[in-house]
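What follows is a group of structures, each given as structure tokens.
First chain A sits with chain B, and in the next complex the same chain sits with chain C.
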Partner chain A sequence: MKSFKDYNPIAIFLYYALAVIPAMFCSNPVIMSISMVCAVLFRLVKDGPAACKKMWFFLIFPFAGMIVNPIFIHKGVTTLFFINNSPITLEAVMYGLTMGIMIFATIAWFTSFSSIMTTDKLLYIFGSVSPKIALILSMALRYIPLYGQQIKKIRQAQQVVGLYKEDNAIDKIRGGMRIFSVMVSWALENGIITADSMTARGYGVGRRSRFAIFSWKKQDFMLLAASMLLGGITILGIAAGHMGYEWYPQIAAPKAGLLTICTYIAYALLALIPSYLQLKEDSRWRSLQSEI
Partner chain B sequence: MEILTVRDLNFKYTLGKEDAIHGVSFGVEEGDFVAISGPTGCGKSTLLRMLKRELTPLGEKSGTVLYRGTPLEDINDRTAACSIGFVMQRPEQQIVTDKVWHELAFGLENMGVPQEVIRRRVSEMASYFGIEDWFETNVADLSGGQKQLLNLAAIMVMQPGILILDEPTSQLDPIAASDFLATVAKLNTDMGLTVIIVEHRLQEVVPAASKLMIMDKGGLLLYGEPKKVCAELPSRPDLLAAMPSTVRLFSSVSGKMPELNGSAAECPLTVGEGRRWLESFGNSVQPEFKDAPELTTPYALEIKDIWFRYGRNLHDVLRGTDLNVHEGEILCVLGGNGSGKSTCLGAVSGLLKPYSGSIRIFGKDIKEYKNQSLYRNCLTMLPQDVQTLFLKNTVREELADAGASAALLPYDMESLLDKHPYDLSGGEQQMVALAKVLATEPKLLLLDEPTKGIDAHSSERIIDVLKSLRDGGMTIVIVTHDVEFASKAADRCAMFFRGEVTSTGTPREFFSENNFYTTSVNRITRGYYAGCVTLEDAEQAIALQNR
Partner chain C sequence: MIRIKDPKLRKVLRIVVPFILIPLTVWLGVFVFNEKQYAWISIACVILALLLFYASFDKRIVGTRRLVIIAVMTALSVVGRSVFALIPMFKPITAIVVITAIWIGPESGFLVGSLSAVISNFQFGQGPWTPFQMFAWGMIGLLAGYLSKPLKKSRVALAVYGAFAGVAYSFIMDIWTVLWYGEGFSWELYLAALATAVPYTVGYAVSNVIFLLVLGRPFGEKLEMVKLKYGV
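Up next, the complex of A and B:
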């Protein structure tokens, strides 16, 4: 069964880039709202309401934007009321709200992104640049924790032998230096074994290829194509300047031309993809499950 | 056809004074299983490295090594890397990448094999080795045995014609070691894979081997069928120490009683053969063994009902452990992996704090030893990985660093003083570390797996050293997997199981009541002679039958 998180990591990564980044650069409340609703919807569909409790806290941003922005910005023609002789304007409130929604939507996208993108998927994405980089990253991920463990072992061994004291700051520094020097000779000596093991298996014989447990299937290409198409229309709309709102002195929505409407529809479809895939899989799974 | 031919091979290290290998010639047939044995420093590891071109050390070489008739130097890089597989000693350091699946694919990636081919070969190998369940795991989460199995599988995906193993099980516990060796033997029988293996302990290798090679001082001493080689083996303790108990028993009995030789000319290799061989002596007279009674000295260490877990939400590792150790005795703590015996040692050494229960050291609660006073003239521990103690360039500086003197140990360290600690053999490293640890003049010495990675002969020397320390009044607690070692070293043994001590007793009581967790001599003599645990016991029993 293939739900959104099981797609090829590169396709997922590109999807997120297209869904989140353009929305951050147009101050368009409609786009922002679509982005927010879809991000929250996906979280709810993916993890259920119970897992999303922490997310609701971030709703503080839209409210904070609504309050903080008009306190400092007094532009705008529609005055609502005065505080200390300063006008609080509708334009400033709306702008603050929109920015708050943008921040909240981005956070919501990122919470689902970080739960989907485990380290091995990120490694796969960065490693795609070259097989060498993939190997270096993989070795770093192996050796950094290994060295950490060894340092702990060395500290304990030295302590029990009475050679490592923590009685005062000077002892601590001395002890730290001992550990460091044991660690360096250990790492150098044992590094030789790793190097032997690598040459024994033909490292450096020729051009490396790359194996990954993630593969490209038809569905992955479809996701990639859909996000490129819909994201492309969105970017086009934003770049052509048909999406920008004027906020001050008076709120002015862009003219509802063909491109503007197309952009709204394209972005809405784009933002709904993960929820759609998730729901489709869930219902398919439910019907299959009833037959087991 | 000979898959590997070695002709008149000589080798001298660049900085070496004499030849590490001289005049070695032999052939290995396709499908052979060759076991190589010899005392430490006899050149067996050097020989193995001469057979794998990428690992050949720097030095002067003469003679030829042919792989399927072609000299090793003339084979192309790709074939050389793929067709000769090499597994080394330390499982941890051979692994290159962070994930199991990536490690399996590493060699094929180096060869530039396309992704689909890698996928097929990796999945095939993973299922053959039973790795499927931990295919996507982090390498760091594997046990030592799993790591070594992964190293083997990562070489088998490259489809080697010959597999060379340099003491692959020396860092593993006995169960993992025999699993590993069984896998190697299965590869040999299932696939006809040619295997050359160097092992310190040949108990489980010799029965599977089709040829046995004994090396000594850089030369070839004996090479041929295991039974013949074992029968011709000169009775030198350094050569015999590594042999299966049956071979050692056979050698010493036929040496002492040449008139017996006629009854069984064939040297028994397995426990089963050993039992049949023993039958020929009869068991009309049962031996009687007398053990020293349990000491009545005060307790050096009292552990009362301690409970420990590594994290609040993890399970208990120690569950109400009780253990008492008398002053001036050697206690060996045995038990499987994860039974909590090392954790218990950590608690006694003050590194881990049990959440309940008490530990008294020389009558004083461990919590009352303030400011590291526990580690001054009181208690010390030899860690499992002794390399965690070394930080100088020579042994001399190393000893000076701790204020230790080599004279503390009944062991001649003179020849080692100017060497780098990492250049020493496992047994020598252990001795230097022990001297360093003893610098604080402890009364209670804790050792964690002192025989790990050490050949059988060195392990007997460790026993001598420990016994002389005990006779000097020291109390010694050893945590070990090594049953043969415990049977000879211990005054008392304790069995750890699921965080508790389930039984204690003298080695004789302890091992003759166990069925599986016991010495091989005990398994051979079980049912014939009661209470035989060590080789000497069995010799004594056989000698009785002849009067």
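Up next, the complex of A and C:
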């Protein structure tokens, strides 16, 4: 058993792609609402309400959309009231709300994506495209803290020598430039030493292999298959053209045929997968703990 | 990693992928999903272009030293951001990308640009805009690499390119802003987005020019020295 974040990164990546894309690009309020609710639910289940505080701020988008869109767009037949002789229409309000929900849902998905996709996982994904790029990325990631420390050392050395002035912006920039310049020379020389050391240990002899701590297990394939299947149905439903709303001049929902309902259900199931896996794992963990 | 052993098949794939996959994505997006899927199509195309570039880079034999220098420059461009963190909009990323491209080569410029975008987004948040940023910075680097002769010679050209890069970055990212709004591409919206971004565009352009003028020579000399001394 594993919780959602422990699945194979490629499976997780594909899952997110399939979950976010329909919500982003189909102007259907039902799909978007499902997407928003499930994304928020997963955040809550995964990190608890305290960790999601930052996210609530983004609830401003649905409200902003509701207010801003009708101010600029006066299409639509159902006039609610007039401001400065220009009509505020129900259609424009609803469209703005839907777009706001879409933005909020996407942000909610991406916050959980960022917290799950740590650097090592992203490196793994890059590595499957190009091991060389993954190597460059991981070296660069290692250099960043190293250079941070080096900058501190250089800054201290400069201060001891007496080369510091923080009275005005130009001096500050000059100081920054000087430190940066010293840093660059050091970094380049250091890089060459690293390269030579790599060559001495046989880098570039033979084919480059890579080590990954992530493996493909049955569960990963199941997640992959489930998200492909449900995502595929959703995308097919959208492609068949039974999902689009007409907004102007009058809101017209698509006819609720079998395909439309299937698409809604498929998308809802797809969007609930991570919350389900997380809850299952949590309850299992609790029951195991209670048996101790 | 899936490795295709047959060299013929590999060659075919290398031609098929760009010439068939990208038009196919566009076709699928426009005709099959006949809703307004422009943002999705453009993301798919940008990702395909990036993949293509990375895959072709992976096949090439690149010296270890050059590989490490690319990593060093990428790290420097991200760290440079924190050195100047106190001053808003004053970021050396574009300048370092351009300098790398001029002195080490267009391909390295593309790599440093696109990889810096990924890494700095670990700090500032990944999102659907990441591929666009990668592409924008990568292209700025690639172009600078092709223009390396005039850019090396004159400081004026370097400054002009810096300003151009700041503006181009804004222009590319605003295409994304417009597509993201979901109504398809319209010039009015695009112009509006460009107009609201004017202070940022100017800020980027000015900081690029300053960085390129100040860092360009000394940085270039350092890279030149490393090239001479160690033969990158």
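Just so it is clear, the second predicted complex is superposed on the first by the 244 of 292 C-alpha atoms of A that agree within 3 Å, B and C clash if a C-alpha of one lies under 4 Å from a C-alpha of the other, contacts with A are read in each partner's own complex, and residues count from 1 in each chain.
By our rule, a residue touches a chain if its C-beta (ideal position, glycine included) is under 8 Å from a C-beta of that chain, and two chains touch if they have at least 3 such contacts.
All figures in this text were calculated on a predicted structure; none of them were measured in a lab.
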| item | value |
| --- | --- |
| Which of chain B and chain C A:M117 touches, first, second, both or neither | second |
| Partner chain(s) touched by A:M99 [first = chain B, second = chain C, both, neither] | second |
| Which of chain B and chain C A:I238 touches, first, second, both or neither | second |
| Touched partner set for A:I133, first chain B, second chain C, both or neither | second |
| First, second, both or neither for A:S185, with chain B first and chain C second | both |
| Touched partner set for A:Y203, first chain B, second chain C, both or neither | both |
| Which of chain B and chain C A:S33 touches, first, second, both or neither | neither |
| Contacts of A:Q158 with chain B and chain C, given as first, second, both or neither | first |
| Chain C versus chain B, contacts on chain A by residue | C |
| Touching partner for A:T78 - first (chain B), second (chain C), both, neither | neither |
| Shared chain A contacts, counted only where both chain B and chain C touch the same residue | 131, 135, 139, 141, 146, 181, 185, 189-191, 194, 196, 198-199, 203-204, 210 |
| Complex interface listing, chain A residues touching chain C | 20-21, 24-27, 99, 102, 106, 110, 113-114, 117, 119, 122, 126-133, 135-137, 139-141, 143-144, 146-148, 151, 169, 172-173, 176-177, 179-181, 183-185, 187-192, 194-196, 198-199, 203-204, 210, 235, 238-239, 241, 244 |
| In the complex, chain B residues that touch chain A | 52, 54-55, 77-78, 81-82, 85-86, 88, 90, 92-99, 101-102, 105-115, 118-119, 122, 136, 139-140, 151, 154-155, 158, 346, 349-351, 371-372, 375-376, 379-381, 383, 385, 387-391, 401-402, 422, 436-437, 439-440, 446 |
| Contacting residues of chain A [partner chain B, same complex] | 120, 131, 135, 138-139, 141-142, 145-146, 149-150, 153-154, 156-163, 165, 167, 178, 181-182, 185-186, 189-191, 193-194, 196-213, 215 |
| Residues of chain C defined as touching chain A within the complex | 1-2, 32-37, 39-40, 51, 54-55, 57-58, 62-65, 67-72, 74-76, 78-80, 82-84, 86-87, 90, 92, 111, 115, 118-119, 122, 125-128, 181-182, 214-215, 218-219, 222-223, 226, 230 |
